[in-house]
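Order of writing sets the chain letters: A, B, C, D and E. Residues in each chain are counted from 1.
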Amino acid sequence: MAEKEYAYFSGCSLEGTAKEYDTSFRLVMKTLGVTLTEPEDWSCCGSTPAHTVDHVFAAALAARNLAIVEKMNIGTLTTPCPSCLMAFKKAHLGMTEDEAFKDQVNELLDEPYEGGVISKSSLQIIYEDVGLEKIAEKVTHALPDLKVAAYYGCIMNRPPDVAQFDDPENPVAMDRVISALGVEVRDYAFKTECCGAAFGVPKRAMVNELTYKVLSMAVDAGANCIAVACPLCQQNLDLRQEQVNRAMGASFNIPVLYFTQIMGLAYGYSPKELDMDKLVVSAGPLIKTRIPIAEYRAMKEAEAAAAKKTPKAREAKEAAKTEES
Amino acid sequence: MNNAEQIKETIARIFPDVETVICYQQGFDGLHATPYFISIPEQVNKLIWNPLCAQNLTSYLPSIKKKVGIVVKGCDSRTIIQYLQEGLIDRAKVVIIGVPCTGVISVKKVLREIGHQPVVDVVFDDNGNIVVKTQKGEKRLAIADVCPDKCTTCQYPTPLVYDHLIGEPIASNKPKEDVYKDIREFDAKTLEEKRAYWEKEFERCIRCYACRNACPMCICQDSCIAETREPHWISQRLSLQEKFMFHMIHAAHLAGRCVECGECERVCPMDIPVAKLKKKINAEMKELFNYETGVNPDDKPPMYTFNVDEAKIKEHKL
Amino acid sequence: MSDTGYLPKEKIKDFLKELAKDAVVYAPCLEGDIVLFRPFSEERTLCLDRPANTPPKSVIYPQSETLFAFQYKKAPEDHQKMSVELKADIGVPNMVIFGARPCDAKGFRIYDRVFIETNTPDPYYRKRRENTLIVTLSCAAPSPGCFCVAVGGGPAHKEGSDVMMTELEGGYVIEPVTEKGRAILGKHVIEDGKPYLKDAQHVQAKAHDEVRNPFAPDELPKISQSLFNFDGFWEQVVGKCVSCGACTYLCPTCYCFNITDEQGIGSGERVRSWDACMFFHFTLEASGHNPRPTKFQRFKNRVGHKFIYYPEKYEGVIACCGCGRCIRYCPVNVDISEIVNYLKDTHQELHWASSRKEGTQPTVGSTKDE
Amino acid sequence: MSGVAGKELRIVGFLCNWCSYGGADTAGVARFKQPTDLRIIRVPCSGRVDPLFVVKALLTGADGVLVSGCHPRDCHYTDGNFYARRRLEMLKRLLPFIGIDEKRFHYTWVSASEGQKWQQVVTDFTNQVHKLGPMHAKKESEG
Amino acid sequence: MRVGVFICHCGNNIAGTVDVARVAAEMRKLPGVVYATNYMYTCSEPGQEEIKQAIKKENLDRIVVAACSPRMHENTFRKTIEKAGLNRYFLEMANIREHISWIGEDKELNTAKAIDAVKMAVAKVMKNKPLYSSSFKVNKRVMVIGGGVAGMQAALDCADGGLDVVLVEKSPSIGGMMARLDKTFPTIDCSICILGPKMVDVAQHEKIKLHAYSEIDEIKGYVGNYQVKVRKKATYVDWTKCTGCGACMEKCPTRNAYDNFNFGVAPTRAINIPFPQAIPKKAKIDPAFCRQFTKGKCGVCAKICPTGAINYEMQDEIVTEDVGAIIVATGYGLFDLDKFPEYGAGRYPDVITGIQYERILNASGPTSGHILRPSDQTEPKTIVFVSCAGSRDKSLGVPYCSNFCCMYIAKQAILTKDHVPDSQSYVFYMDIRSPGKGYDEFTRRAQEDYGVKYIRGRVSRIYPKGKKMVVRGADTLLGTQVEVEADLVVLATAVVSAPGAAGMAEKLHISYDTFGFYVESHPKLRPVETNTSGVFLAGACQGPKDIPASVGQGSAAASKVQALFSKDMLESDPAIAQVNTNACVGCLKCVRTCPFQAIKEEELRNGKKVAKVIETVCAGCGVCTSTCPCGAIQLQHFTDNQLLAEVNAICQG
């Protein structure tokens, strides 16, 4: 039985380039007992292009969807895409804090938006609403080889007044979610560093440089894969990795997974189900060692039993020594 | 009902621990109860207990120095709690006989129903009715229809503090959100309507100060600034302005203290809805400080304390 | 012209309109649920079926009146020289009090002795009194708490009235009491009342029998001085009094007042306003001392004034008209007739005296039964 | 008769000595021009301002009343303005109930250094009261 | 009543936009006003003389001066009328300059407003009553709270002046922040070398009683007569027996206790003497780390102590000190690294604060004066200093300048070069603020003689790259982004109020600003006084300041105390609350609301309970007066009737 229900706005990327994000997110939500209901007749959120042209118009694009969700009586909307999220949050804040702006926007809409929808990123609902305990509870498989650098991108947590989620400079939600799965996470300094975003086309050199930094910092941090929560980040880091290698003379071969894919793997879904084959840099070798959690625990316990004998004895001896002196 | 008998028994038991017990006896006609101060147990036979016993007897407590027993209803008990909050009485010197109450009657409302005829006889039946006999016949009225306004939203039919409880506690069956419904409705009127309303009401005021003197929380009594020259807040002129000012003084001094017992309104010979102003302030106190008067002896009256950061008070923009 | 008039009920408004031609007519009008004397006009609702909540006393003796206004004047050439200019205005229109009850009208007689029948008559009161015609309506039945017959009055007592009306089924029988009142009979809506006079007298007599007399019949109450001066008595009988002024301000015979100067920077007024002996401030002296600091002493004064001091000064006239308002509207139902009853009864006195001797608390409740 | 008929309304200001009165001084020293309707009463602390002064003023002839004290936490007497804040907020909410526009009463915090803010407060409040017009118009036309 | 009104032209300041003659003429029309005139400069000698003459000649008994703000000249004119034989409270001032002539342009309106203002003053002065001060005895003993350099200076100056001093220090040793510094700017002399002797002076001064490791629990009373409850925190070492030999510290098995003195640069023992020059030089156990407390067994120190001073059962002790004045010198605090997520929020060991670096530089510090970076104890070659780490940053709630960081960064950069000659230091700065004697020369020396590279710009991010820390910032002079790969980064974290500053202020009844710094009586003219008489400020508790400024304030506060104590009796301000016992009903609501606990319950002879004002404690705010429902407690000089007279003058006049 579903414990929670959200209106699910997948957005355009998840219909195309980030299909695997959509697939894996839906599967993970199913495991966690969360119902996702897609609003009927949703439309473009406006994304970056709209608000660079006209704020009222941009808000109207987002608010049209919010108005649809408002009618669904679910209350909370979730979207995996940080761009969509920002568009919704900005429209909502603008319209609830400024009555005149609200009227302007609603003028453009068939159905007015009254401000009754809360928008949250998929990461936020997993981290805050589902909770780490539940996340850990559902784990069926261990991923012993993964060393993950969690990469949040620039707008998941910023600007803080709008995002209202996690620490804007050093976010930890994704790190904690992945840790809760039992997967190793590496402390990573460039969690929110810019990847170049949509400038991949007009300013390729700049994106190469920025993406290079993000990738090399992950490698320096000792990670062997990167977890992301943004379709555009994924695209820059994964699809353009070869391009970066060529331009910067590097030889990165670091898979870039959606964090939901890692969750899916830990919850026992097959790589095929999770559309792992859509990744450009293959994660195949890293996830080969996936092993059911029970087996993994048994193995570890055996190892520990063997290893711990000696140090324990040493510790006891030391304690006795201090007593004497 | 047997409550009267039980009260009598209880009173007999608490003597001589107390010197006086304040309860009710029949007043000058069948429709009126009047306060009854008992000083020897034998007097108890004249005690009455029925829905005529509307008056809030606790008003007498702060001025009595000796140990007293007192009969209180749920609403009256809030006064005692407010006294305790403000340190106005010594709990050890009061023996509280609490009586759960299903509603009292408003003499004014009954008189309106019977056309202000002199009353020959009054009886209460078992179905919650009052039967009033006059020269012109008999009238049966549901108590719920002739109760004071406070009873219609009563949240505390059972006393919140007592030493002896008569009968079984009763739970309120009135929705909490209705308590300030009348205030919200009145507030929705236009400023002009409200101003005109109060001017019409206050114009009748004869400054007899019955509202003030009957008010259990009007602790100044003889020192009330309505009558002093030092300070000289209002004159003895009978202008509307002075009457308005007097009622604002009354309201302001009861801010966060009014226990909504309705005495001020009950005693007003001019039928002025004096309690309304105080109820409005109470509604704001609830909203601003989540404070309700007379329910918790450990609360602090909101006007005599503060928070460095007030959650509900926002700076006003011009 | 007959000595008796008759006013058919349907013509009562015409009658009032006619009176209003050359006078301000104060009549008992319904306001919300209460009845007050108001300057009568078409849009008001006349209410004659019960006594007004307040007596009409403020018509002749306003609750607050400006005795005079004063203004400081500086000499234009020398600002050190200052004079005070006084302005008093006692211009009063002709007034009619219509629908007062006999007790209300009798109240004015109590005032007359104080304000007019003295060496220094009060011009403000006298002027109003002289300019006012009092048209009284006799009571067909007693009101809750009233006891006029016990204090020298009655439901058709004529003292203080200029005209006495008595209600019959179809109209009012009008009996002039004074010369001033006789003029009423000339009003054109007034018919000959002779045929109805007998009926009216019957109604009056019947009403008289119905009014309660808490004291001994056919005799004015006599107060026992010793009990009157016993503090314990007052502490017992008025313990419940809240010391407000409802009784005095609603009383047709209470006339105590206060005089204050209300001053701004350059001008001001001398104001006379009702005061009440039930208030602490009534006897508060400038020094801070108060000879009557407790409500017991103050209540004692109220009873004393009405039943001892006033009668002593004015040939035994009791300054209480028995209207019952102080009982009806008392917040705590203090019953002055009950208290006076204790005071006059010699048997009671013995009881109180004995309880005083024994040092026990006298007990009102139980004695009342005996 | 206070004020210049026709041009001015009667606005009474209660200013605490330490902050707002000083702020008004600062505004004066800096020659920040302000409307002239306001009449200032100096009190030691906004906590001294009994809400009844405001009522008294509004009932007897003022068209607007302004109370200004130290910013919360900056009270010269540590806590005075905290009490003022509660009492004045109570009054602000009560006024409309008796039919007085709450816009005729404003309370705010201005420090001794905030001359500019003071100018703004006086200007805005005076304008606000002017928008509402005289409160006692009826009485004046009768008299 | 004979009121005299004096309208000042203030040259053209008032007369330029107010028709002063008309104001005077209007006033003459008022009853009670027997004399009204206007004068060029009323505050001048002849102006005051004219008031005095008029009082005599016209037999005036109340005076109204319409001139500038009473905040300016009320005292002047009070003295004037006092000299002429009137009670000083028979003066009212109407502020027709700051509140009228300077802010209104229309002369007609200004004049009308001035007439009202003076009329209000006349209305009030007619209600004024003569008030008289009463006098009370002073306890000539002073308490100094805080044993940093400011507090020590104040204590020594007071003690040298013959006063008995109680010095209360929160930490186990006096010395404060200065004791932790390595060198001081701009002279580069050794901090502890100049402070040490002062600390010894404090310890040895017979007039100074020191409560170290003690805090203030409660302060009661008023100027001249304070009662202060001091909580002497349990040290678990009997200091009467402890000789400070240090044997316990040497043998203590717990080696991971947090070292407050060194700001956690290195761990210390659970029983420790904070630093070699500590005064008092006594050991103290930190129960959060001591095994005897955490595990319930150990007892090593008790066994080792040669004098048997260890007492694990020790409890806090409360002592009450009676003093007549209090000097507050509680110092400052520093921003934590966790306020800076973009700089790693404390996750990177090689990003440290300035005070931590101070300890690393210090010869008696944990590295014995060798510059070794925390992560791997290697000598850093590239060091980046970031100034304004938090300071002047509204978003972090610190809009102010921390005053001395520019200077200590220059000093630390110079010292770094001295210690590690082949090192290179960089300083990211917003502005270089060095306005002291020899200060600017000093910062120039750092740049010119020591080759410190100053980059004007802020740092946006610090992140690790291998063993290096990359400092990314802007160079606003070149207009580019710069990245410096550093071995060690030192943040000049913002100076904030001391932890618990607000709570202390509330105990003292003094005001504090939004940032927790204590507010002086007047920012220019009363810099060490507070609004609570008898309480004075010294040092950085009032705002960030360097050593000379702190020492200067310490001495200033001491001299204020000396002046206060030069009289045996003090006079109280009579403009305080007074109870009319006839009207008081004893509800004691005033007791609840008085911010100063200046009201208590009193029983009259007739048994009536009433409120009573403790005259010396009442500060005259009037909260009680607006609390009292029956008008029985009236703030003198601002009574209900006085304020109502003003209201009426406006509304009815």
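For the reader, a short list of remarks on this structure follows.
Here, contacts are C-beta pairs under 8 Å (C-beta built on N, C-alpha and C of every residue); 3 or more make two chains touch, one makes a residue touch a chain.
Treat the numbers as computed from the prediction; the structure is a model and nothing was measured.
Contact with both chain D and chain E is made by B. Taking the CA centroid of chain C as reference, the farthest chain centroid is that of A. Using the average of C-alpha coordinates as each chain's centre, A ends up farthest from chain D. In terms of C-beta pairs in contact, the better-connected of the chain pairs B-C and B-E is B-C. Comparing each chain's Cα centroid with the centroid of every protein Cα atom identifies chain D as the most central. Distance between chain C and chain D, defined via averaged C-alpha coordinates, is recorded as 47 Å. Here the spacing of chain B and chain C, counted between their Cα centres, is 30 Å. In whole angstrom, the spacing between the mean C-alpha positions of chain B and chain E is 51. Taking each chain's centre as the mean of its C-alpha atoms, chain B lies 36 Å from chain D.
Counting partners per residue, chain B has 221-222, 228, 233, 303 as the residues that reach two or more other chains.
Touching chain pairs in this entry, ordered by label, are A-E, B-C, B-D, B-E, C-E, D-E. Considering their complex, residues 69-72, 95, 97-100, 102-106, 108-110, 112-113, 116-117, 120, 505-506, 509-514, 519, 531, 575, 593, 595-596, 619-623, 625-627, 635, 638, 640, 643-644, 646-653 of chain E touch chain D.
Residues 251, 253, 297-298, 300, 341-342, 344-345, 347, 463-466 of chain E are the ones touching chain A in the complex. The touching residues of chain B, counted against chain D in their complex, run 183, 186-187, 191-198, 233, 241, 244-245, 248-249, 251-252, 255-256, 277, 280-281, 284-285, 288-289, 302-303, 306-308, 310, 313, 315-316, 318. Taken in their complex, chain C has these residues touching chain B: 31-34, 36, 49-50, 53-54, 62-64, 141-145, 236, 239-240, 242-246, 248-250, 258, 260, 262, 271, 273, 276, 279-281, 327, 329, 331-335, 338, 360-361, 363, 365-366, 369.
Per the touch definition, chain C reaches chain E in the complex via residues 72, 74, 79-80, 82, 264-266, 288.
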